[in-house]
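First the structure, in the form of structure tokens, and then the observations on it.
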Amino acid sequence: MPKPDLLEFFDSPSDDAFVIEHISEEFTSVCPKTGHPDFGNVTLRYAPAAVCVELKSLKMYYQSFRNEGIFYEAVTNTIRDHLAASMSPRWLQIITDWKGRGGIKSRIIAQYGEVPAAWARG
Amino acid sequence: MPKPDLLEFFDSPSDDAFVIEHISEEFTSVCPKTGHPDFGNVTLRYAPAAVCVELKSLKMYYQSFRNEGIFYEAVTNTIRDHLAASMSPRWLQIITDWKGRGGIKSRIIAQYGEVPAAWARG
Amino acid sequence: MPKPDLLEFFDSPSDDAFVIEHISEEFTSVCPKTGHPDFGNVTLRYAPAAVCVELKSLKMYYQSFRNEGIFYEAVTNTIRDHLAASMSPRWLQIITDWKGRGGIKSRIIAQYGEVPAAWARG
Amino acid sequence: MPKPDLLEFFDSPSDDAFVIEHISEEFTSVCPKTGHPDFGNVTLRYAPAAVCVELKSLKMYYQSFRNEGIFYEAVTNTIRDHLAASMSPRWLQIITDWKGRGGIKSRIIAQYGEVPAAWARG
Amino acid sequence: MPKPDLLEFFDSPSDDAFVIEHISEEFTSVCPKTGHPDFGNVTLRYAPAAVCVELKSLKMYYQSFRNEGIFYEAVTNTIRDHLAASMSPRWLQIITDWKGRGGIKSRIIAQYGEVPAAWARG
Amino acid sequence: MPKPDLLEFFDSPSDDAFVIEHISEEFTSVCPKTGHPDFGNVTLRYAPAAVCVELKSLKMYYQSFRNEGIFYEAVTNTIRDHLAASMSPRWLQIITDWKGRGGIKSRIIAQYGEVPAAWARG
Amino acid sequence: MPKPDLLEFFDSPSDDAFVIEHISEEFTSVCPKTGHPDFGNVTLRYAPAAVCVELKSLKMYYQSFRNEGIFYEAVTNTIRDHLAASMSPRWLQIITDWKGRGGIKSRIIAQYGEVPAAWARG
Amino acid sequence: MPKPDLLEFFDSPSDDAFVIEHISEEFTSVCPKTGHPDFGNVTLRYAPAAVCVELKSLKMYYQSFRNEGIFYEAVTNTIRDHLAASMSPRWLQIITDWKGRGGIKSRIIAQYGEVPAAWARG
Amino acid sequence: MPKPDLLEFFDSPSDDAFVIEHISEEFTSVCPKTGHPDFGNVTLRYAPAAVCVELKSLKMYYQSFRNEGIFYEAVTNTIRDHLAASMSPRWLQIITDWKGRGGIKSRIIAQYGEVPAAWARG
Amino acid sequence: MPKPDLLEFFDSPSDDAFVIEHISEEFTSVCPKTGHPDFGNVTLRYAPAAVCVELKSLKMYYQSFRNEGIFYEAVTNTIRDHLAASMSPRWLQIITDWKGRGGIKSRIIAQYGEVPAAWARG
């Protein structure tokens, strides 16, 4: 079961806005319909306000989905909700890229807040 | 014959707007002029309103074009029309990429609604 | 000699605007200065109004440049002029990419109308 | 149903051994177990003896598998058998590369005769 | 726990030797030392004697490693042993490619029998 | 310890704004938590005002992080602060790309000023 | 010594604005500090007003930097100045990409005028 | 019509065997069946005996196929015959790679003599 | 200083010969001539006899070169000697790939024993 | 003029045979026929006997070809002769890769001695 309480945070090293991206290439959960495992990449992009997420705790949080039966769209929105609620960032985006099922590859994008104009070309 | 009634839907897991992309790399139909098969990729991108399209039903719907004689441009607009009518999404885009014919590769893009500003960099 | 009367058209399958791209990877003409053949790709992108260009006739039209002595810049503007005049599209763009000459690769872009805002991220 | 009688041949332009490779990127058949279409590339490599296979007839022959229920391994050996029987080449190899099913991509290689030592580095 | 009895087989469609390759891009097991999941690709290459492995059963067999604590080297040799024992192929090779751990990517290759000379350039 | 006094500058060769990008593919520092080395690329992009940074001095400055225990986010903001303070550029951006840790690759972007509109498509 | 008088021009084949890009992959000059040769690519992008630059003369002009001691930033601004002064284009951009020195790759961008809105997506 | 008398030669700069490869990416001839142009790459590899082929004359020779109706297999063997007859090299190989026709890409390899063992890993 | 006593080993999971490859993308040492850091990849390939090298200990061993002044060729032979002496493998190969210095990229290959014929195509 | 006396050497760090490869991506000389500069990569591969070539001296030696009028084939054999004569290696190979001229890219390979069997798969 996804465990958001595994997430740990540290103070942002700058009062200015900046952008952080963490790409996990080792995400797996289980399809609730077929029981087969799903595999994907999870990209987290955010502009921290007061805190940043600690990298190892993020990895442990992602691992808590390993044997969870959950659809692509729900994985994406759940991670967005957990991270937005616990970090209150200036902006946050979750992108999940899933390996093909039946010849179809999928990608889901959920967001919290709007990307600041200054960063639009980052 | 394309069968839009094969499409099935499920409730969106979030009231917020988010973006879903499904890329099918196994689309084939038949050229109505030469009778030879056409092969291409079909990319569906949309921001769901109330419902999302179920992945296996989308695959079966695409398969219903397999022996249909239909031009590239019509395939693209037909899929756009069927999916927009049945999902009433916030925004939807169909991109078809066709393997070369006579040394010419083609790509057709049809859209429903306008991509929300917040997603323009997704 | 370029023969625009080889071009054939068919009615657009949709009253809505949409975008069509045809990439020909087999274009050749002759350099009027050296007499050596030039080789390039020709990309046609357009939003049809009433009609679309038929693919095989486009191929034959491109072949009519095969033994023509004509500069890169003129090839690009000539194709733009012929297609814009015969189709009156909402928007049209011609991009030619030429293999290197003397260690310099070239790319020429000519346009008719402006790309509609709705398509700017297509 | 695969129709080997669609294949046509022409006399080899050389009495010397040489090697011909034709890669078809548009092969499709049907899985006899699930009824879903399979998509793959078919590579034919051979050293002709008296005759070469005509390219358009090869394409038509491949198209005759389109609605045939047949496994990967059987497709590969069937094509090998048909072409070897009708051309009696010095050497022939069929390689099929199949898009992923259930996260597994497959490749099957069948051969007739042995690649001549002189060509081993071709 | 790895379950070789999940494997199913079917008769080879040819009495001749030929080569089959199945690449699974969705393998995961658990590091017995750290408890963290490992992710990798598993490539099976073999020349069947009497039987071929059925693709879906191979997938289920690979999934039986999902929550097993086992080192890279043991995964590779275990799969080699299970498949060689149950198929008695002419030749078989298992290659596992593991995503990086501590900046080091690994690849293990185990084999049963020797690749026949005729196939060495396949 | 990072030594900003290693940085040397020369007068900009133009009074007009222009953009300079230096990509260092050989950056290393030390993780303050684990003591293991971190490896990454550091991209500096800026529009000079009066001065440009001298390339060899930039390299020496980057080398001064070699045995420093410092997090990704702090490396990025520290370089941004040092270079912005010593050059007072029209605009400056630091992008650090870090090799994977625990299956997660990271990228941090810090900025000084806003990219001038004229350069947005550079 | 850079010789702008080597440059030759011809009349633009169109009164409309269009865009021309010439990428030279064979540029070399000499570092004034170390005496070692520098190697790079020079990209010229412009929208002609009355005239276009002739390709062979551009090549000869670039060759006139071969034994010149000059910094990256000055090369870029010098070419921009020479071409802008002699062609008075609607818009012009010079991008130089330099091979690595001491593990750092560089890219310099100088511009004349602003890219017309209509071309921003070219 | 192919004109082997366009070929010019110069004395090999070494009495030792060595290997020369020239890859032409700008070959075109005409399909004798459809009248449509064919486009391909022609690779010449050889170990000279007394003479080497001069590069510009090779280009002119290739251009002499431009409006010739000739099949892929015949192009390859014709070039092999012309070059082998006029250079009497220690070894020579012609590889032609043709862009797709009807979804099938082709490659033809013809050879004169055997590649010396010493060069087999070149 | 390189510390071979950091290396730890475990018993090979198979009495049969098999091949293990570990690619470290995060190796750095110091050039003894200039004092500048060198960066490279180190690939270890071996066929174990009785023991295998433990992955984390290999990482720590590589880190012991971090501040060592040592040439490319000596790094490669030193690692070969340390690992061959402590593991007595059936076969072992060290390949180091170094980022460019002065426009020259280097690669050094040292070996212990001969690759068994059976593995030559692995 | 090529200056082999710029080359410096150091003692091989091992009595065993091993292989060294240096790839220079910044070679330029002048075409003796047209006077235009030629650009290429030069790869040196060798198995040292008593001595290794020092990297910076190799760079200076290559630079001595900068303004020399010399054909591709002669460059390759000249470098082979100079390095073989001054190092007396167990084996040495020079590969030059030249950017396209008139649509033709060239590659020349000259060798001294034979690659030892043990290294054939390096």
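All chains are identified by letter, namely A, B, C, D, E, F, G, H, I and J, in their written order; residue positions are counted from 1 within each chain.
One rule holds for everything that comes next: a contact is a pair of C-beta atoms (placed from the backbone, for glycine too) under 8 Å apart; a residue touches a chain by one contact, two chains touch by 3 or more.
None of the values given here were measured: they were computed from a predicted structure.
The angle of the rotation superposing chain D on chain H, based on CA atoms and rounded to the nearest 5, is 70 degrees. Relative to chain C, the chain whose mean Cα position lies farthest away is I.
Chain I has its Cα centroid 27 Å from the Cα centroid of chain E. For the pair chain G and chain H, the distance between C-alpha centroids works out to 36 Å. The distance from the centre of chain G to the centre of chain I, each centre being the mean of the chain's C-alpha atoms, comes to 45 Å. Multi-chain contact residues of chain F, defined as those touching 2 or more other chains: 25-26, 36, 39, 99-100, 102-103. Screening every pair of chains for touch gives A-B, A-D, A-E, A-F, B-C, B-D, B-H, C-G, C-H, C-J, D-E, D-H, E-F, E-I, F-G, F-I, G-I, G-J, H-J, I-J. Listing the residues of chain B that touch chain H in their complex gives 36, 39, 99-100, 102-103.
Partner chain H is touched in their complex by these residues of chain C: 25-26, 28, 36-37, 39, 63, 66-67, 99. Partner chain B is touched in their complex by these residues of chain C: 10, 12-14, 16, 18-26, 52, 55-56, 58-59, 118-119, 121-122. The touching residues of chain C, when paired with chain G in their complex, are 71, 73-74, 76-77, 93, 95, 100-111, 114-115, 120.
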